[in-house]
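The structure under discussion is supplied below as structure tokens; questions concerning it will follow.
Every chain is named by a letter (A, B, C and D) in the order it is written, and numbering of its residues begins at 1.
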């Protein structure tokens, strides 16, 4: 895929992965609005979704500048096909219960925390700026997930069991976050990016500390591992997500502004 | 809506309602493929969906001839917006359990049975031809629903309760099937159509006989009634159904053939 | 303080009644009912707009909509807190919402069918709500008045955003403009119904308006507020190039107001009593979120108890 | 009949073994396993294609796809019936599918990511299946052989439809052609793996091929079938203007066959053992349909019992 469909520019391709992670996760988090366990949580998940959407917009805009296609954030979000999206499977996974969401958020925010901590010194100034802003947001996201994993893990017997099951269900999606692609390597060489594999131990150590404190267990090595998201190979859930996200925009091909 | 968005020609508008009922119900029935309670039922529901899709295609093609827009079946199915669809709410209702589906199918096929029995003498020859073919299909659909309502109603205590609950849930959607619109009146006057209100007693009598034999009770007058489908006023479920149905087609505006 | 006379004096001098003050039970119950209904409306109101978050046709609008729905959750929280100062608690009020003992604004029983509906809700529904709510910023009950000040500020912002969304459509393609007109057609009359049934002239007899006015909870009649809303909104419709769906709507120079046609109160009562397009759906959605979240709330509470007992243990 | 010699004679003379005939237990067990796996593949195979019914980009294609998925259900039924002649029943076999004791074709653990995948499944996956199945029409076990005749007829029809879908894309827009090429890239190697691991030369030792051939269940080795498939398919790819993703693929005039590159058997084993993109999803989907339908099957069975006892009652 890197050779044929992705934008030629390595930086653009690299940024597109980060942007799509944030955009697609925004879609999933947005599904919680009016469905959260308590009203405070509708607000919190809405906040996190807004932060991620802000990251996605800044990054997509930058991609459009870099890749030479002149696409704006909306063209990139609404007019690409599934195989052109570069997000990891973790973020496209259909919404599960609240435990699943907190397991996903704990891993994703721990990953993003390590990622953006390093990217503040990216040679791409826009990315460095996004990272500097994002690091504060992501610190809050990670803390929010942490608090909930503690409450659920060390709450009632039911919540303990459900939180453990959620961690187990999310486990197959973790490895992909920390797997290097050729684009990652090229972007790291150029000083724009960072190798995901170098984020693994710190992020995992953080998650482990939370899981331990929550009286839960780190899942065993999962039998299967999601892969291919960065090459545009997604799960079957992705097409439905995009159908919903893009339908109105695509239904008005001649509309120039919304 | 009749004045502004629907095709000017009364016949076309009338046929569009019948076509959209069949098309949208095809979408819902198609969701059962690989999800039915037994393999024979995957086949049966697939058959029914295919019959309805055939009706929809013939009717949509006729609409495109009559309304002067020159649209083919695909333009009508894939490129209309939600407010231009004229189906009743019953068929767009999200898939429930198998009891819900049989309650919906019993009502819909009983309605279509009376409808097509009369439309064989429509002054629109295409419609008369569709009706003549459909009547055999619909007889099978109605019989299929009947057999299942009997089995579920007079099966186990659980299935009895679930089938009754399903009939009750479907009840708010029945009235709309038999409510006359201005288009129905004009189409009846011209000899093309038939008034839905004139189908009510025969269809209801049939359903009642099945419900009785199944040891079930006809639901009480429902507190609410769905309305407006024929004017393009749908439920919130409709937009998601159309997003899914239309996304790929709309994603390729320059494709001329599939 | 502590004397029955304080309440009457406070109310008659346009002072603020505070939670610690004595107040007549009927006043307390009226406030609880009204504030709860208002809070419920914010919470249920998240659904029709939330319906479009995943499908917003631009990322900028998606962000605005997400923030707006989130604000509504926030308004719900302020209002439940205001109600709690009257001696009830949120979970009790939510139970009453879920089992139908308390209402929410009937406007949210209408579906959002197109993207333009998101704008129409901001323009018309929030517009009508603000008209109702601005006087409540001077309500005799302090916590409610203060919550309303904050709510109204955010609501005006939402109202302007809704108008701006529609303004953009009005400068757009033919289909975008048709979408705008269609939304106005569908939301105009329900918005007028938001002010409630007539309560002036003949209709004044037997309603709650008089008592609520005497208590300083209500400042204007439903009909006066409705007229103000029409007078404010018609020029805005002109700016949007929208024809409001009322053939009787015209400026009456003599009255200095717009005249408008008769409202279909049968529809109002029908929807209020449960036969609206989305009544069942709204409550079912809300109840299912509540039930699916029960284990989470229980866990949070158990964890808080553990923390409390641990810190007690540490002290002991 | 009834003598051990009958089976050997039937098999060695290319006759048909029928359910009432005696047969070695190993033969019976091998057939049950193979027919069940084949039936399971039809049932699980409904999912990747069923995934596109709601989104098919034309109504004509939607009808073709609906009919095809329905045919797969039908194939499943014939095959379960054939297996039942060997003394097992469908519900037992389904349980073994659901709990992982029996397998289905690993190809269905790949996702259908674009509309072109529907065509690629018809062209490549059905094409490979037919190559495997045509010899089974002469299988020594009668009911299986007869089921395969019917299945193969319908499968060839599906294969042509798949090719025709792709042919249409190949005459379409640049994006449609890219979709076609991408699908071929992703399905080519998994299709080659459908013939199973090498079973000729060194690899022949220790496999089941020899015994199955002796029993007249298998007629050609995996490698021979794979070669036939490649030879048949490469010219079709040319017609579609598709480049198959194998740099080593070229005509070998000496062998009279196409040479092709090494297959990634690590991927094959990985997916077979559960680490494929959709293994969990396919089984979970199937199990949930089965469990959600339990009350329906129970009701049908209870109702049938009632009818039977009523008619007995009437007779008595």
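Keep in mind that, in the parts below, a contact is a pair of C-beta atoms (placed from the backbone, for glycine too) under 8 Å apart; a residue touches a chain by one contact, two chains touch by 3 or more.
In UniProt terms, the chains line up like this: A, B = Phenylacetate-CoA oxygenase subunit PaaC.
Owing to the predicted nature of the structure, the values given are computational and were not obtained by experimental measurement.
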Which chains are in contact with both subunit A and subunit C?
-> B
If chain centres are mean C-alpha positions, then the most distant from subunit C is chain D
So, in whole Å, the Cα centroid of subunit B is separated from that of subunit C by 37
Hey, how far is the Cα centre of subunit A from the one of subunit B, in Å?
-> 41
Go ahead and note the Å separation of the Cα centroids belonging to subunit C and subunit D.
-> 58
Out of subunit C, which residues touch more than one other chain, so two or more?
-> 55, 175
Can you list the subunit B residues in contact with two or more other chains?
-> 81, 239, 243-244, 247-248
Think of each chain as a node with edges to the chains it touches; is that a line, ring, star, complete or other?
-> other
Can you name every pair of chains that touch?
-> A-B, A-C, A-D, B-C, B-D
So in the complex, which bits of subunit A are touching subunit D?
-> 4-5, 81-83, 223-228, 233-236, 238-239, 243
Name, in rising order, each residue of subunit A that touches subunit B in their complex.
-> 81, 239-240, 242-244, 246-248, 250-251, 253
So, in the complex, the side of subunit B touching subunit D is made of residues 23, 26-27, 30-31, 33-43, 46-47, 49-50, 53-54, 56-57, 60, 73-74, 77-78, 97-99, 150-152, 154-156, 158-159, 162, 244-245, 247-249, 252, 254-258
Per the touch rule, the subunit D residues reaching subunit A in their complex are 51, 55, 111-114, 175, 178, 182, 186, 273-281
In the complex of these two chains, what residues of subunit D are touching subunit B?
-> 43, 46-47, 50, 53-63, 66-67, 69-70, 73-74, 76-77, 80, 115, 165, 168-169, 171-173, 175-176, 285-286, 289, 292-303, 306
